[in-house]
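Structures for review follow.
In what comes next, chain A is part of two complexes: it sits with chain B in the first one and with chain C in the second one.
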Partner chain A sequence: MIEDNSLFGPVDAAPNAGDVAPPARVGFFTDTSVCIGCKACEVACKEWNGIPEDGINLLGSSYDNTGALGASTWRHVAFIEQTRPRPDDGHEQVRWLMSSDVCKHCTHAACLDVCPTGALFRTEFGTVVVQDDVCNGCGYCIPACPFGVIDQRKGPAGDRNVGLAQKCTLCYDRLLDDATPACATACPTESIQFGELDELRVRAARRLEALQNAGRSEARLYGEDPNDGVGGSGSMFLLLDEPEVYGLPPDPVVTTRDVMAMWRRAALAGGALVAGAVICFLGGQP
Partner chain B sequence: MGTSFGRGGATSFLQDLANADCIVIQGSNMAECHPVGFQWVMEAKARGARVIHVDPRFTRTSALADAHVPLRAGSDIAFLGGIVNYVLGNGLEFREYVERYTNASYLVGADFGDTEDLDGLFSGFDPQARGYDPTTWQYEAQTPSVGDRSPVTDPTLTHPRCVFQILKRHFARYTPEMVQEVCGTPKELFLEVARAWTENSTRDRTTCLVYSVGWTHHSVGVQYIRTGAILQLLLGNMGRPGGGILALRGHASIQGSTDIPTLYNLLPGYLPMPQVGVHDELADYLGAIAGEGQKGYWPHADAYTVSLLRAWWGEAATADNDWAYGYLPKISGDHSTYQQVLDMIDGKILGYFLVGENPAVGSAHGKLQRLGMANLEWLVVRDFSLIESATFWRDGPEIATGELRTADIGTEVFFFPAAAHTEKEGTFTNTQRLVQWHHKAVEPAGDQRSDLHFYFHLGRILRERLRASTDPRDRPLLDLTWDYPTSGPTAEPSAEAVLAEINGVDRVTGRPLSSFTEMKVDGSTAGGCWIYTGIFADGINQAARRKPGQEQSWVAPEWGWAWPANRRTLYNRASADPDGRPWSERKAYVWWDAEQGRWTGHDVPDCVATTPPGYRPTPEARAEHRLAGDDPFIMQADGKGWLYAAKGLLDGPLPTHYEPAESPFRNPLYSQQASPARQIMARQENLSNPSPPEPHSEVFPYVFTTYRLTEHHTAGAMSRYLPYLAELQPEMFCEVSPALARERGLQHGGWATIATARTAIEARVLVTDRMASLTVQGKALHQVGLPYHWGQGGGLCTGDSANDLLGLTLDPNVHIQESKASSCDIRPGRRPTGPALLRYVEDYRSRAGITTATGTSAVTPPERAAP
Partner chain C sequence: MVPEATFTSYYGRPVLKAPSWHPADIAGYLFLGGLAGGSSIVAAGADLTGRPGLARTTRVGALGAVTLSGLALVHDLGRPSRFVNMLRVIKLTSPMSVGSWILTAYAPLAAGAAGSDVLGRWPRTGRLLGLGAAVLAPALVSYTAVLICDTAVPAWHEAYPDMPFVFVGSSAASAAGLGLLTAPAQAEPCRRLAMFGGLLEIGASRRIVHRTSFVAEAYRLGRARTLLRAAEGLTGFGIVGGLLGRRRHWLSRLAGLALLAGGACERFGLFEAGMISATDPKYVVVPQRRADLH
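Presenting the complex of A and B:
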């Protein structure tokens, strides 16, 4: 079952996971150039998925009081304030970037690869979902994610899903009913677009071209390339600055990329030891 | 808007923003406060429109605009006046539009004196009365022998006393240099806006102007809007696709609450409220609404009024009793919300209903609000949770300072849990006059009831109690038609029956009226709000129509229903030239179809559909038939857009820059500092900061402005109690520039205390480049941004209320407070608590020499020479 690209490189996610004739892979295209930072995505996500409040604290991080993606924040809007000179006349100019981040639903999802219970699984839509009733809260998935998305829910014992790994499901329950995920439904400016991944890639490329033609040379896509370190994301972004500015890793690599090589090397090393031992014994025979 | 164009509503619709070539957003943080409507700004941008945001702060709207242009809060008239001057000085006006569709050619009487002649006053000011006698503002009338009541005109627009030339002289000093001096806006940025606005206002291109409460909340708020109206008329943008002025309303049905008003001085459909001693008889009342020979639809106010009285009092309204006109309450003065608060403090008002309103947090000068409510006999609060206005008697800031003691407060508070919009049926009238029906999704939980339920049953019970009364003063209540059908276990009244009553009915046949033109003066029709007539045409709830956009034209006339007569863009006759042809193919909207002999196009024409463009009324013609074929502003007495307002305004026929009532700066244009006609409320509970030329204004050297955030709803009753919203903006904060932070030693994330003559509040500090420090009159100006969502009381997050800092100085026309620009001081650290807070504020007052007389002079006294 394991093929060359199963852990790295371009692959069609659902069939690779064993789905026979699955529906087209779906995902998000988040166009941050039209995000108005209203956080409707954060609220709609919490409403639909029944996620608890994540701390009522002023962070002093521009208008972001959510902080980061986590077990109780599945959509997170980043606010980045910049002041830089205008290219034409050198006037100091303020720029306020806003971007709604979400689970990348990687083609090669390390969280899923390392999950010992099978709680994390690849759906027929090519997305990655935790099954709450299977997860044992071991937490292996948390360091495995190259984006820092998945986390263990903290809170009083007995509260819903406390202790379990939690993250965006791309509204799996809504997909089953042919409905759009809650965040994309709530987004007033179509910054969050939901659709079939192939079509979204075309849309993203077209939008990038339009912006660059309009002189926005800083515009770039993120997560759209199937040849990147995670085999392309199920959530791609149009950014207006380096990914690091938004808190995104510039070159994410699935942490299980080298698993096969490691096993191969381990096998080789083990084999060498065994061979050595055998040779020793054989060689030791008078 | 009403004075300039004839109706008090947004002139176009949000979806039409997509057709704009340029969008100027000023006095509005549209992306944050109207995020759903903002999608049409983004659509316009995607189609190539230029989006400009003029605002003291760099907000989420600025972040998405092509340009953010900063200015000092309270200086918008100077900025817009600068653009008027740019237009007129460079001959950039839309000449034919101005000549034919506005009052530019009218001659003003020789007695008129402009602010330019009188150093900041118009002629006719009476310092004792603190107001104007507008006699000298009138047009020059034809000599009586001509028998024509219309003003003398000069179609060449060259006569020195024609409106066009007066306008030109009035704004001539508003140069780019003066704009920079007053507003702090760099000259190049100002000129960038002027160029974009004018280059996108032609036959082929249109610019839309968007404003909200950033303009209305000033002592000269109406004049802010007038300046915008003058510009859009001069540039020929009114009535055209992608043009117009969008007045964005702050809540879901605020437009509806002025159409069918909660305002003390209006009846439904903008009929005025009658006044005691002035309109004692129906004939007096009707005579005051429409003058002899007036054009348009107001001459039919008799039919609208009689139909309203018939809707309310049915059979008890007869021709013999003037249709029960005597039953209507009459007003005897200013009963606006702030005057009411003072009346509560003075013991003149004993009971108060608060319905979806949290004045302890959401209204200016929170302390006054709480002192007023603490002096009532009873207070009814209908809301979702126990808001601060329901609990001020136990946890308000005055309890903490010892100014009030719970045991001394005699107010009996009745709290009624309210049903949410999902728990009841009814309508929303949104910002674009669009009425949309909403259905009930779930039954209200527990004791929650709709407002309709509350008022219907309150009326029912009162009527039952009074059934045996023979007191004549109870007749208006007992004779009301109060027979709405009810259903279900809670006896919920039918909202649709109310809508049908509002629409109106032919009382003879029982047929629902389909247009206000069917309303009669003979009592044979009834209707609760003439401008809503047609909403129940053919007995069908037109507001409930939801035909998808892709199945109809881009104007989407079959989605909901818009007043008046389902017109989506008002004054759309002006989208065609005087001969009835579109100004350009690209901007075609409605036009004259000579073959059919009627106006046609994408929208319902906003004129008599069969009046040809060349029509000229005969002297005998009345009302709408007096409108010429090129009179697009059909609700104006003369059918024209008003560049100059000879009547209708209390503070001047033209806008002019005055400083806010509290300002650290001297008015550089005139000796006159603030608007002489601003409404003041001088008393010990409402002290003002001094402004130049008064001494000690340096005690309050900064300008603060209050505003909303996307994450919260106004005073917080619908957001601070919800965890998902409370966590997004969890605490009261202030926004300051790095320069101000350095000047005052404020730490990012730390605390600051902000003080005015009223009180001091504390807030966490956000230091941000988004708060630009500007140079005004050669001095650095620092502005402090204060969201106003928090209060001391309930909710998942609490904090000091920005509105507590504000004093009450009002626009005289509409009695709206100046809450967008005031002066303050800011210091690092938390404020004192308990009685120490009072001593802290007292120290500011004594240092600034504040008395009840501070800031109250109408005409600015001459400056004394420095000793």
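Presenting the complex of A and C:
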């Protein structure tokens, strides 16, 4: 049955999905203030997960020639160059923002909720994973995701997962072997931290406090709040500007929060149709 | 008036991924599924009120439309050979899962009703199957509204209170159009149904298009605007033509064609507006920023 908190609000993800006595929920804390833009995470992710090449292009967006997360890009390092006056003498200088984006493994994951085949499922670690042998490529998860993470793999021809929805698995195979996900293992600055979500939340709060005490008032956390529109994410971030600067939605809400209200409106409309048709056939001239 | 929006984005790139759905397949399915369901309702009404000619053409029309919609849906899959995986689970949170089950139950009933009518065999069974199809039809024509609204696509999601009314109205108008086109002599109820469905479609569609929200603008841009205007014009002509065509069957048939074309334009227009709102990051960022302020 669908209970109040199944679709919205703070819950523990794996037990809410019916898992009995699961291990602690795990996730990422990506501290963008120490990201150096080396893209080791992108490379490690591709290598470990056997993800095919998906375009070698010059995009004209600083050092970002990856573009965005997608079916064959499960970590994406964003580069933002900002020109702003220095606080002391007003001299214009460039500030670099770099951030490694990843699937949010939402507490309330719309991709999973709308998946008609059950290919997307909640693991015992509280993460969200696509089963490649079940997905039939209907594509419904793609517009459901409020972060634009999951996508359909379009090529290269011959790749065994072409046509299927693909995204970060939080290295489910490595988790089962007590190993750290590939991206976090490869990160040379510990910008990407992996761990139990409760502990990461504490670490993130402490890091935020340290930065703010050092005068970095623009620092903020993203995705750490279990009371946000997706029930908190399994990957949280420390950002140095508004989320949308990094291509993240500022305040996303899981679409399935409203699905029961939608069904009620549809039922009302269906009833109106029946009533209208009956009147049209019974009333008036023969 | 909605004030001019200022917003930031990452190199102007979309925040969301637009649906990978091909418009011909999925907007086409929205139209054909609606036509099928509406036609089953008209067929049942015609059958129960002694209009065998109208019952036959709408039964055949329902079968044709549901067959084509099934093909379009399978064609759109990344792995068409796995279409049967749709029936692995039943999930209320997935309108596509619910819809797959509705279609699976509906299609054999529509096929049986049409088959029995055309072959002239087992009339009682055929009638029962046709009534069964009509019972499922309201679910078939309205669930597709939930299907597109239960996404992060801003223009679709915010329109969820009105979308099912556009869809049922449009389905009724399209089915009435099929009746006027194929059986104008027995299509008197279709003239009224065209008016009921067409006005419901136009009214609910206007509520969506002219909503005072930042996102509703997507319905008033580019091809979405063109298609939705064409839909309104064609449906409006169909309503009037149906009412004036009682003694002029050529006019009835023309009105029927206009209603069908109007229904198709409506679905493609709504689809297009969703695509516009998913592709431009401002439709994601600005409303979420506004919600912040409240």
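In this section, the second predicted complex is superposed on the first by the 259 of 286 C-alpha atoms of A that agree within 3 Å, B and C clash if a C-alpha of one lies under 4 Å from a C-alpha of the other, contacts with A are read in each partner's own complex, and residues count from 1 in each chain.
Everything below uses one rule, namely that a residue touches a chain if its C-beta (ideal position, glycine included) is under 8 Å from a C-beta of that chain, and two chains touch if they have at least 3 such contacts.
Since the structure is predicted, the reported quantities are computational estimates derived from the model, not experimental observations.
*Asks:* Which chain, chain B or chain C, ends up touching more residues of chain A in the combined arrangement?
*Replies:* Touched residues of chain A are more numerous for C.
*Asks:* A:102 contacts which: chain B (first), chain C (second), both, neither?
*Replies:* neither
*Asks:* If we overlay the two complexes on their shared chain A, which of chain B and chain C does A:118 touch? Say first, second, both or neither.
*Replies:* second
*Asks:* Taking the superposition on A as described, I'd like to know which of chain B and chain C A:40 touches: first, second, both or neither.
*Replies:* A:40 contacts chain B only, not chain C.
*Asks:* Applying the document's definition of touch, where does A:53 land relative to chain B and chain C: first, second, both, or neither?
*Replies:* first
*Asks:* Just checking: does A:7 make contact with chain B only, chain C only, both, or neither of them? Give me first, second, both or neither.
*Replies:* In the superposition, A:7 contacts chain C only.
*Asks:* Does the superposition put A:184 against chain B (first), chain C (second), both, or neither?
*Replies:* A:184 sits against neither chain B nor chain C.
*Asks:* Residue numbers of chain A touching chain B in their complex, please.
*Replies:* 34, 36-40, 42-43, 46-47, 52-58, 60, 62-63, 65-66, 81, 83, 92, 94-98, 188-190
*Asks:* What part of chain B is in contact with chain A in the complex they form?
*Replies:* My answer: residues 31-32, 35-36, 38-39, 42, 58, 60-64, 68, 709-711, 723-731, 733, 748-749, 764, 766, 768-770, 772, 796-797.
*Asks:* Going by the contact rule at the top, pick out the chain A residues touching chain C in the complex.
*Replies:* 2, 7, 59, 61, 64, 67-68, 70, 78, 80, 110, 113-119, 134-140, 142-153, 162-165, 242, 244-252, 255-256, 258-259, 261-263, 265-274, 276-286
*Asks:* Across the complex, what residues on chain C touch chain A?
*Replies:* Chain C residues touching chain A: 7-11, 13-21, 41-42, 45-46, 48-49, 76-80, 82-83, 85-86, 88-89, 91-97, 100, 138-139, 141-143, 145-146, 149-153, 157, 160-161, 163-165, 167-169, 171-172, 188-190, 192-193, 196-197, 200, 274, 278, 281, 284-285, 288-289, 291-292.
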